[in-house]
Amino acid sequence: MSGKSIADLSPGNPVEGRFLVARKELRQGGRAGVYLDLTLCDSTGRVPAKVWEKAAEVTEWFQQGDVVAVSGMAETYRGELQLRLETVRAVPPEEASPSEFLPRSQKDLGALEKRLAEVVKTIGDPHLRELATSFFRDAAFRRSFFTAPGAKALHHAYIGGLAEHTCEVVELCLAVTAVFPQLDRDLLLAAAILHDIGKMEELSWETAFDYTDVGQLVGHIVLGEQRVREAADRLEGFPEETKLLLSHMLLSHHGTKEFGSPVVPMTAEAIALHHAEDLDAKVNLFLTNIAGARAQGRRWTERHYLLGRALYVGSEEAGADAAD
Amino acid sequence: MSGKSIADLSPGNPVEGRFLVARKELRQGGRAGVYLDLTLCDSTGRVPAKVWEKAAEVTEWFQQGDVVAVSGMAETYRGELQLRLETVRAVPPEEASPSEFLPRSQKDLGALEKRLAEVVKTIGDPHLRELATSFFRDAAFRRSFFTAPGAKALHHAYIGGLAEHTCEVVELCLAVTAVFPQLDRDLLLAAAILHDIGKMEELSWETAFDYTDVGQLVGHIVLGEQRVREAADRLEGFPEETKLLLSHMLLSHHGTKEFGSPVVPMTAEAIALHHAEDLDAKVNLFLTNIAGARAQGRRWTERHYLLGRALYVGSEEAGADAAD
Amino acid sequence: MSGKSIADLSPGNPVEGRFLVARKELRQGGRAGVYLDLTLCDSTGRVPAKVWEKAAEVTEWFQQGDVVAVSGMAETYRGELQLRLETVRAVPPEEASPSEFLPRSQKDLGALEKRLAEVVKTIGDPHLRELATSFFRDAAFRRSFFTAPGAKALHHAYIGGLAEHTCEVVELCLAVTAVFPQLDRDLLLAAAILHDIGKMEELSWETAFDYTDVGQLVGHIVLGEQRVREAADRLEGFPEETKLLLSHMLLSHHGTKEFGSPVVPMTAEAIALHHAEDLDAKVNLFLTNIAGARAQGRRWTERHYLLGRALYVGSEEAGADAAD
Amino acid sequence: MSGKSIADLSPGNPVEGRFLVARKELRQGGRAGVYLDLTLCDSTGRVPAKVWEKAAEVTEWFQQGDVVAVSGMAETYRGELQLRLETVRAVPPEEASPSEFLPRSQKDLGALEKRLAEVVKTIGDPHLRELATSFFRDAAFRRSFFTAPGAKALHHAYIGGLAEHTCEVVELCLAVTAVFPQLDRDLLLAAAILHDIGKMEELSWETAFDYTDVGQLVGHIVLGEQRVREAADRLEGFPEETKLLLSHMLLSHHGTKEFGSPVVPMTAEAIALHHAEDLDAKVNLFLTNIAGARAQGRRWTERHYLLGRALYVGSEEAGADAAD
Amino acid sequence: MSGKSIADLSPGNPVEGRFLVARKELRQGGRAGVYLDLTLCDSTGRVPAKVWEKAAEVTEWFQQGDVVAVSGMAETYRGELQLRLETVRAVPPEEASPSEFLPRSQKDLGALEKRLAEVVKTIGDPHLRELATSFFRDAAFRRSFFTAPGAKALHHAYIGGLAEHTCEVVELCLAVTAVFPQLDRDLLLAAAILHDIGKMEELSWETAFDYTDVGQLVGHIVLGEQRVREAADRLEGFPEETKLLLSHMLLSHHGTKEFGSPVVPMTAEAIALHHAEDLDAKVNLFLTNIAGARAQGRRWTERHYLLGRALYVGSEEAGADAAD
Amino acid sequence: MSGKSIADLSPGNPVEGRFLVARKELRQGGRAGVYLDLTLCDSTGRVPAKVWEKAAEVTEWFQQGDVVAVSGMAETYRGELQLRLETVRAVPPEEASPSEFLPRSQKDLGALEKRLAEVVKTIGDPHLRELATSFFRDAAFRRSFFTAPGAKALHHAYIGGLAEHTCEVVELCLAVTAVFPQLDRDLLLAAAILHDIGKMEELSWETAFDYTDVGQLVGHIVLGEQRVREAADRLEGFPEETKLLLSHMLLSHHGTKEFGSPVVPMTAEAIALHHAEDLDAKVNLFLTNIAGARAQGRRWTERHYLLGRALYVGSEEAGADAAD
């Protein structure tokens, strides 16, 4: 199956390849009375697709979340790429893992892992260093940590996003400790590394990015604090005050109760972690949205439902300059 | 020390007895340049007191939070009772426990304990019944649960307040399950009984009602959920779904994120628990404030800092009728 | 008129029966250029329906809010039941009352009426007892009170919903007075019984649940207080203080100004009524939404526009247990 | 009673006259152990006063809210005028009405009454004209309407303030109807004239400006609407739609639910009334505060507790110019 | 070009004329697979239109924002007027200016200009009079000021809307200074005249009403203050204090920070301007929405997305009376 | 004048030295009837002081904001240092500049200036580099920039605070550009360097930290944007788009309208600047408050009026560790 990836498709050409079905709806319309309206994705992007023939029959052959092998034509519809599919066939799970078709971090995840390991080694406090190490020593934890997305839909919403976000927050915290040497560097780094590990239980990313039941009913803030406290409890001689400070930092890292932290930051390290985390999430969100709109030749993004505003993309030259 | 309790003092009479020093301030004023301004309390109430003579010396002899033996006169100042103390002497801790001098529930705590035990027995689900039982089987837990206050300052802020509040919420939940038989009665009762046990770690009540460090930095919502989940983990065969629902109910029982719940209620039992708890806390708060103002002969309470309003006490007769 | 009710329809079978037209839209599409897109309802539920033939003509024959006699086929469309209608005919108003086709409380309304009458008799204060009695003595009031819905769309939004909601609030208030004997039981019960009678003027429920003009421009809170105060004015010797307390309770029963109460609760009875009412509305809302989603085999409800969250339905077995 | 009024007192001179006791507190301090700390007022302003001698005895002779005859000296304390009283004596109520000593509108109330009567005559709709007339025909209503303050403490908080505020709102509404001839002029004028008559029951102004019980528990918005609707009900043939529109305007005139309107404005006349009323209240509040600070030679007012800001007074010359 | 204007079209008649394309979308549907869905407008209103034949070809011939010459039929669709177009042809820009087809104030703009000039002459302060004059002396400024809309979509959203809104605010401010002679009339009038001139840079109105880049990124509040301050800087001897007061009034005229004012009003003239401006915008918004719904025979408007409510139109007769 | 600085005073010793009078109040009390209650400060801190003898006379000799030479005794009062002054004498302005007695950054301001100059040189874009350079080339600007405080009372509220805050934000932005190379580094750095220069006009710091009139009425956000835009206008060939982006960043740097930004961030560089600035301000605020409380031996700070919470100081050892 040597098909092209979505980023490489161009209108007017035949398409043949494997994609993940991100959305599937049978709609009324077309000559045949009904048609299939799909969104396909692979790790490079998403594209709408239509099945006009025998849709009522074809819809029985696969589900949302399946990988399918398709053939058809790439067309333009209202200025955007769209596929007209002639054949669609479900690929058995043993042949193709849906998660390979999800959007994916463009960072070298191996390099991120190495960098995190380096930073862990610089933690001077032996308890905190051992705490961080104890997580990454576990292969299952590592596998999950370096594939999990950073969020369902906002910032870092791609495979590897959690690790990418964590590394960025760690780098920012290193800069913060350089500016404010009064901060407890070891505590801040340990908390930065572990602050979002609750996301590994909050989210699922097998066939799509979604919340788990425990993610909705308990949430990553409480889940993450539980994992860290349990791990610290297992380490001999881990100071109670340090446990308390870590729990506080994990619980308060969203900064305000409105955003789901049961307590607000009350230490300098907690407020630093919150702001570093927030800065990273927001800049990632802005850059991702602006890049997407620039790729479509727009000067402004769509109004973002959560930010409540459109973002300025600017003229192409200005953008090009900025990226130099 | 057969002194009168504060509720029984009357102006114009000598005073002799033991009280807890709830507040102590050395102030500039009086003939001697400085005087001591105290608030004394016992389980029946609070009274202001002054030491006019040798205050600079007397202030060295005891601390806020100590029990003291005093003698002096009860006077009236601006229409309210006030003590003029002639002698003040610290009572050694082995002779008097400060906690005996804190305000105290007027309910029979033994009867509350019995009532709770009865309700626990009616829980049909064996896992939930054993969970609740496992807490109350522990004598240290019982001692703490039946002395802890329900809050630092708002509702049920007295020794035994946690137990009183819990029993009231349980009675209300019983009524709610009668109205809505679709609710999972066992789940709602178990959660009602355990919903505030985090307060036992959040608050301290040795010499005054205050927050502990972990109470401020982690809070009773997360602490309570931890204790319940850990206890459920220790019970063999406790269903995972039930654990999840219990965790959700404890975490969401404040109803909104603004009030410190990291997640909002998403099950019918969780919303029922939240509202039963809120109803009980608010009615207790209103009744306590109105009773206090009525005792002072007022027609309106002072504006309450948290409610943002004064409460209506009404005419004495109306009050008398209401209490019949 | 021997047609099946909506709850009993199944796909693949012919349909013949009478339904209320809850929504009617002429849309562009289908072979004929236009088709009719309907929602039909009866007291057991709602179902979408299409008229594909001669829609431009058929649409002239009836209005939204009419009862129609139809024949056609029950089909499945995207996993949900849908009717394909062949004939549609308006039923004259004298033959069928639209209100019989509206959703309807599943409680025995006669039993509710009896229960309310019993509770009224237990009101010790003769003025308050006579006030409550004076409303229910009036047959027109009774007819309206026992058919009105409890709200347009949220909780208790069905024929008989006002009476059902009122009875539930009364039961909860009885439990509250058991827990807090200091409350004025007579006042609380009288107010609970009458608290929402303004809904009888705020809402209309002839052919659908909707707001009346006076309902929008004045609202049930002010309307209800007016009816109660006017009734009390007509009773000889009704104490002014009691009138004032009742007016206050009716006006403040939404709890905060944001939710439309011109004054906030300032008495213990007012805060108790508000919380009992809110508890009842919210638990009803949660249970109704969860039951609807469970009937569709879902594990989570749709995100609720007003609650701003999805509700957890859980696995079928858990649900089954809970309902035992 | 040939004493000077407060506005005419100057430091260093003896004082003799009658004033209203707006505040009375017995405080600890001074040579004698206690002293009396008073605020005296008359219709021209307020001044602090102290009784240093025999305060414990003197305090028994009069109450807050009494008119007293005093003699003593005017002094300066921290840059502000203060009285040192030597004699204080209660004036019997039959000799002096406290209300004459309250702050008072500087407008000619007779002229306001005449102007309102003129405007009423220009109302073309006979029902609305008769409605407005029916109130002012009643001498008791007139007496109350032309003495009531406009608020307890914010804008127009002086005897005659309600009439002054009403006239100003009426003038502004006349301008609004000139700009927007589509508005129903008769409806807007009638509502403007009657919009705040609930204040006559909400406030008391015998010895001070304060809320009545019904003012707190029901509020002037609902009270005013009741009076207007009852009056319209008494007029034969008053159109129901007009009653509804008037009720809506009175209920919604605070503009938002947060500010105590149970419904928000939904007609053009209602929104116009709200904004005219708000404009008048706010400009009066700003001008009053700025004038007070300018009289004290300040360049900025104190931070206003409700506005959450200080107001700019500016340099004296600028102020002088502005007043030209 | 002798076509009818949109306000004069009636169903069942042929249409021939020139309109501006306000919206253009190629949709799937109809016999030919795709059709064109358009909104056309001229200065008298808007009308939906469809092109059923050769839509894929026709769509290439013109853009949104073009003026087109069309022929076809006026039909009724779901009770509203709709055009079925047979020919559509772009009109070259030199033949037709899109701005002539935008909605347009129904006021006589020449009269507004004359009225503003008169008011400017009554400004007594020579600096302020010269400041206002200096703007209107500039022909380019005048041309822009008397064509700009007052907003993109809310109030006064039509050609000439800025001038109309400004004149209305000026009239209201004249009334305010009559009620409050303490206000600095010259300052208030000058600020009222210039308060929204930033809109001339914030909005574009060549082919539609939209924000400019600088309008989004800087906003009319800051832009207007810059223009006024720069103009004052160019005038010799303009008092610094007056400049400061003017800057403050322009910056604070939205009243609160939430609505985009970087500072809140701190002078009486600033609060007066804010409220006069707000009153005018809101009454215009209400009247426009109500008039639109009345023209469609509705008794309530649609729920307004920004006001969060529907507005009451009432019965036709009531409406007719109101307009007399 | 070889007196000790405030940080070096200890109780029980005579005091002689020069201090700035930060607060002066004549109060009633003490043997003489009145006494002077002062707060004195120098660059190392603040201390309360009393004048018990001849206070009515002494108060005439100096004003708040004056530098005074004093002699007296250092005492302890309620556990805190307090001065009892015997002589107080105003020091003529030519002998002592008040600003030398204000709190002062503990950073080396020369080093900050050097560091900023280095960073300016690394700006690649010649227009932006020249813009930044043009400000610092001006000696008066430099003098003001390197003495101004960063705020009146919250973060960096000391002489040199503006420069210290700016440098910290610049360092953080350098880290942000390392993490996000897509950002326009030159734009972000230039804006970071200039973002708060409006504070130089907003605040005064001659004898105390306070707002200027223009600071209150216009504010540093608008003032800073004006200075930067004017400077860019003076530079030949400065690109319009860059001006627009800079204006946007300065105006939006408070992040939300509620905090005084007239527009919210709509570019990635703007959101990065906002968050870097906020992080720096908050961490400084936390560290300052915690250090102050630790110096007093407290385990928690007082509740902070703006943060709405107390901050955790912890045990001394933990603190000591953190500072290693």
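Note that the chains take the letters A, B, C, D, E and F in the order they are written out, and that residue 1 is the start of every chain.
One rule holds for everything that comes next: contacts are C-beta pairs under 8 Å (C-beta built on N, C-alpha and C of every residue); 3 or more make two chains touch, one makes a residue touch a chain.
Because the structure is predicted, anything quoted here is derived from the model rather than measured.
Between subunit B and subunit E, the least number of touch steps comes to 2.
Looking across A-B, A-C or E-F, the pair that copies the D-F interface, with over half of its contact pairs the same by residue number, is A-C. Between subunit B and subunit C the centroid-to-centroid distance comes to 40 Å (mean Cα coordinates, whole Å). Centre-to-centre spacing of subunit B and subunit F amounts to 43 Å, using the average Cα coordinate of each chain. In subunit B, the positions touching at least two other chains are 29, 213, 216-217, 245, 248, 266, 310, 312. Per the contact rule defined earlier, chains pair up in contact as A-B, A-C, A-E, A-F, B-C, B-D, B-F, C-D, C-E, D-E, D-F, E-F. Those residues of subunit E whose C-beta lies close enough to touch subunit F in the complex are 213-214, 216-219, 221-222, 225-226, 229, 244-245, 247-248, 251, 257-263, 266.
Across the interface of their complex, subunit A is touched by residues 168, 171-172, 174-176, 178-180, 182-184, 187, 241, 245, 248, 264-268, 271-272, 275-276, 278-280, 282-284, 286-287, 290-291, 309-312, 314-315, 318, 321-323 of subunit F. Only residues 25-26, 28-29, 213, 216-217 of subunit A touch subunit C when the two sit together in their complex. The touching residues of subunit C, counted against subunit A in their complex, run 29-30, 77-78, 299-300, 310, 312.
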